[in-house]
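Chain lettering (A, B, C and D) follows the sequence in which the chains are written, and residue indices restart at 1 in each chain.
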């Protein structure tokens, strides 16, 4: 359970932030900010997909709601940025409940298709209304915000939100809610017979996923300065899906690794030109095929091998009870 | 255990990001090199149209470098692919300016991506942004410090040439239609078109927008056919317009008169369509067709650098942009600064490129061309219908 | 309203629906036999079409031989994908296999972009001339007629394959229950391989029909693949005739929605219908509901 | 006194197949009741009817004087009905203790916000629940395995986890579906002793399905025998074991 370890983790993260701040600025910091934002979004998707086994291919849609919600609140209603993001996230949580409705009866393939369709529909809707800026999208007046505190503000804000997302992920998954979700994923009938309300938990999972996704989307819009439809189209949904799978679904820190993969690989291979996308795709397939537990699964296995004696003790303890 | 792993990951990322060092030198210029950056759709739905603009410009820079460069410096032109996605264009612009420290952003193509770059540069007003192939009015209206354009915007194209097309139609059109791709600036253009139609006593019977890269134009053409307008304004990418024209051919209908925006003066449009558009289509052109004698200089440069690239409207446009860019850098002198370049451009008056009308900029007007060339189609080839046109005041 | 327009809209809808139906069939076949939602179905077709258009059509062969070679190439690529990417399970579940096809989608897209992205879209001569037959003022395009004929023949051939051949019988039994089929001595792996080949061939044929109309580009099949999935889900993945009906229905709804509701809102409208159908009939329109079991 | 569970003339049909055909079952409080019968006799269906997973076409169900048919399946846990499953239905990727905590799901107050905040009340409740769950693991010899992933346990141990999950909330009625399947004779003996002591300490009423009539000897108070969806006998384990119809039914189906 949390306390000591959690506090240590948060402290470690804060130290890391500070160190990054010392050594990294400008463009690298922008890339790291994107990494945190994608991690935050993947944390949300990991709740429905990793723990609830509800396959959502529409997570980009929640990020879209976050980005456009923030943009609309700022540009049309004059909200300040933090309030705009909060509004967008709250709105997205409601949207999440509605997107979750089909999940009450659908699973696997059908659910993936319906959520995918949701993402594409949103993407086309914002593209066709002038209120949301049409095909160009909406530019956010954030040059001041981006420059604030020498560009550090958004970096720290993203870090803070990612930590919050992590904490929320942790408390959901290690609590009654998380267990209920995992039980539903394992067997719905059994879950019901233990008094778990399927609809409530599925919708809760989608609402929380939407909330985190929208926070990430809003931050993304602030950091890039634009809420453009193409950014939040079906490709983003696939990207987030890939990030969760690559990191290791159903693992608390998996989203961070997965997001690092999808952000870092294209960035590091930028010099390879058109070959970059091929490299990315090959690595993606390799990770998914060779490491079904994702990158984190691989690290855990490696760790377990390295610390063999510990495991042997555990096995011995297990055998001891058979008398 | 998991926490240690996460810490490990964080440290690795840190190391990685620290490796990407921060440069703080004077942007993009040293003793023997000028670094220009660009973002263009080198792949994706508009690549065939847009990428040649980059090749045309690069080829011209190569030629200039072979001849000794500009004021003793070679021009290096680094173009990143944006796949015609605004967000990637934005990221590219950020990378070019903040990471690669380019002297200026040069070229580019298509409206959405140019608009994104424009947005990014609003926080970097000193960075020159030269000659994207984009027809939106926001580039130069209002005038922005570092932004210069060559392609007359869509509204200008419509105002300058649609009245001419209506007057020269075989039969005076009574009903009109607008079929446009949904790109930024489209609303202004619709308004301008409606105004011209109205002024000429034409009733608008159909007005639809469609998405970029729509796979199948059949529903639009069926509806158009049912309304049977006399004149139609077509606004689409070159390949998209070609698809649309072939769909009309399949459905056995076309309007008496068609008017196309500048994209329809590209070979990528006409080659698949062939002689189907003969005699009823006219379009607003900017730069001489590659078949014109004055285009040979550009074509030769292209052949030297990109032997596989066929000369077309966009290689010509890239060549034109590069010519003007080189001239401005030259005029800015050996002590090259961004300020100097902007000043040199603002004092450029009636510069003769040979492949377009005279180019003029001023501190209040950053739009270099002020006329369009009326293109028509005959035997599946572009022909120039007459002298350059300006909007009636 | 205008009768000609309604008729033309209907024909366009059926043609679009035929594409969705065939692709949906390929997807449902693979899903039923290997539990994989093949997101790379469309991209495989795009890849095959590139190879066919840029290389096969330049071979000094007659059109029939060229067609046969093309279908073989498509089936071969698909078989290779199955063997190289999906057969090695290593304890992977259906989700993992499906994500591999997402990776494959990304890979094929990157590969086509790398080789052909700079010059897309490629215009190409279609199998049918761009023109139409005028039937009392109503224009029926050659390619529409051609598509319908080819789709019909393909559909009947698949039907005959399932119904009257041993391969078809084993496919049906694997689709019904892989475990039982395997107990009955059917080589499930080989059936899956055959299914992937058939699906690959179908995908490529559809892509080759679409390419002349929408021009050959790296994004050729992207607008179609989601519709194909939708058709498969609408029809109910369990019933192959249901998938065909689902595809045709989707094509018609989409076409009429474009003409009489709004072209821009055509797709949101289509998905709203998908959502409604699935809310009330989660197993699909054409499948009888089964009681759930523990 | 009304019996804790009372089923009258329950009939269930799936399509054309009759799974249960007018079954009666009356279980007083604190009875251990065996339910035996050959494969396909309808034993699990009967359990599913009680758990409201299968819907009976005819008949009445009452539990502690209330009509069970009026309750949604997820309400039953709250009423004190809890069960195990014939095929293991655990979360393989979760620890033993987390699986057992599922059994307490319906018996804990607290809302989402409490849990998300992860401090204060939610935190205290979580800790209390963990203690309860640990206490349930102790008599089954699973204390040391509490933090091990269920997927790594032996089959017999997993059966014990299922039992702990069903039992942790101190239900009034415990339904066990084939608890002895896959256990060795030593483990079966352990289980019998555990169930007997649970009945006396927690005032449990237990309905247990099994193939092993020997398992019921000396444990069950009464045994109901089902065959082809009908009651064919009821009585003490010894009476049932010598019942002619039971022997016929079993011999007719014996493996």
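One rule holds in what follows: a residue touches a chain if its C-beta (ideal position, glycine included) is under 8 Å from a C-beta of that chain, and two chains touch if they have at least 3 such contacts.
Here the structure is a predicted model, which is why all the values come from computation and not from measurement.
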item: Remotest chain, subunit C as reference, centres from CA atoms; value: D
item: Chain nearest the overall Cα centroid; value: A
item: Chain pair with more C-beta contacts, A-B versus B-C; value: A-B
item: Rounded Å distance between subunit A and subunit B, as computed from the means of their C-alpha atoms; value: 37
item: Rounded Å distance between subunit A and subunit D, as computed from the means of their C-alpha atoms; value: 40
item: Whole-Å gap between the CA centroids of subunit C and subunit D; value: 48
item: Set of subunit A residues in contact with two or more other chains; value: 124, 128, 189, 274
item: Two or more partner chains touched - positions in subunit D; value: 53, 85
item: Subunit B, residues touching no fewer than two other chains; value: 42-43, 182, 209, 211
item: Complex contacts: residues of subunit A adjacent to subunit D; value: 1-2, 167-168, 170-172, 175-177, 179-180, 182-183, 185-187, 189-198, 204, 250, 314, 317-318, 320-323
item: Partner subunit C, residues of subunit A touching it in the complex; value: 55, 101-102, 105-106, 108-110, 112-114, 116-118, 120-121, 124-125, 128, 189, 234, 238, 241-242, 245, 274-275, 277-278, 280-282, 284-285, 288-290, 292
item: Residues of subunit A defined as touching subunit B within the complex; value: 5, 8-9, 12-13, 16, 19-20, 23-32, 35, 124, 127-128, 130, 134-137, 139, 143, 146-147, 224-226, 228, 230-231, 251-253, 256-257, 260, 264, 268, 270, 273-274, 296, 299-300, 303
item: In the complex, subunit B residues that touch subunit A; value: 1-3, 5-7, 9-11, 13-14, 16-18, 20, 22, 42-43, 80-81, 85-87, 90-91, 94-95, 98-99, 111-112, 115-116, 119-120, 122-123, 182-184, 186-187, 209, 211-212
item: Contact set on subunit C toward subunit A in their complex; value: 31, 37, 85, 88, 90-96, 98-100, 102-107, 109-111, 113-114, 117, 226, 229-230, 233, 237, 264-265, 267-268, 271-272, 274-275, 278-279, 282, 292, 294
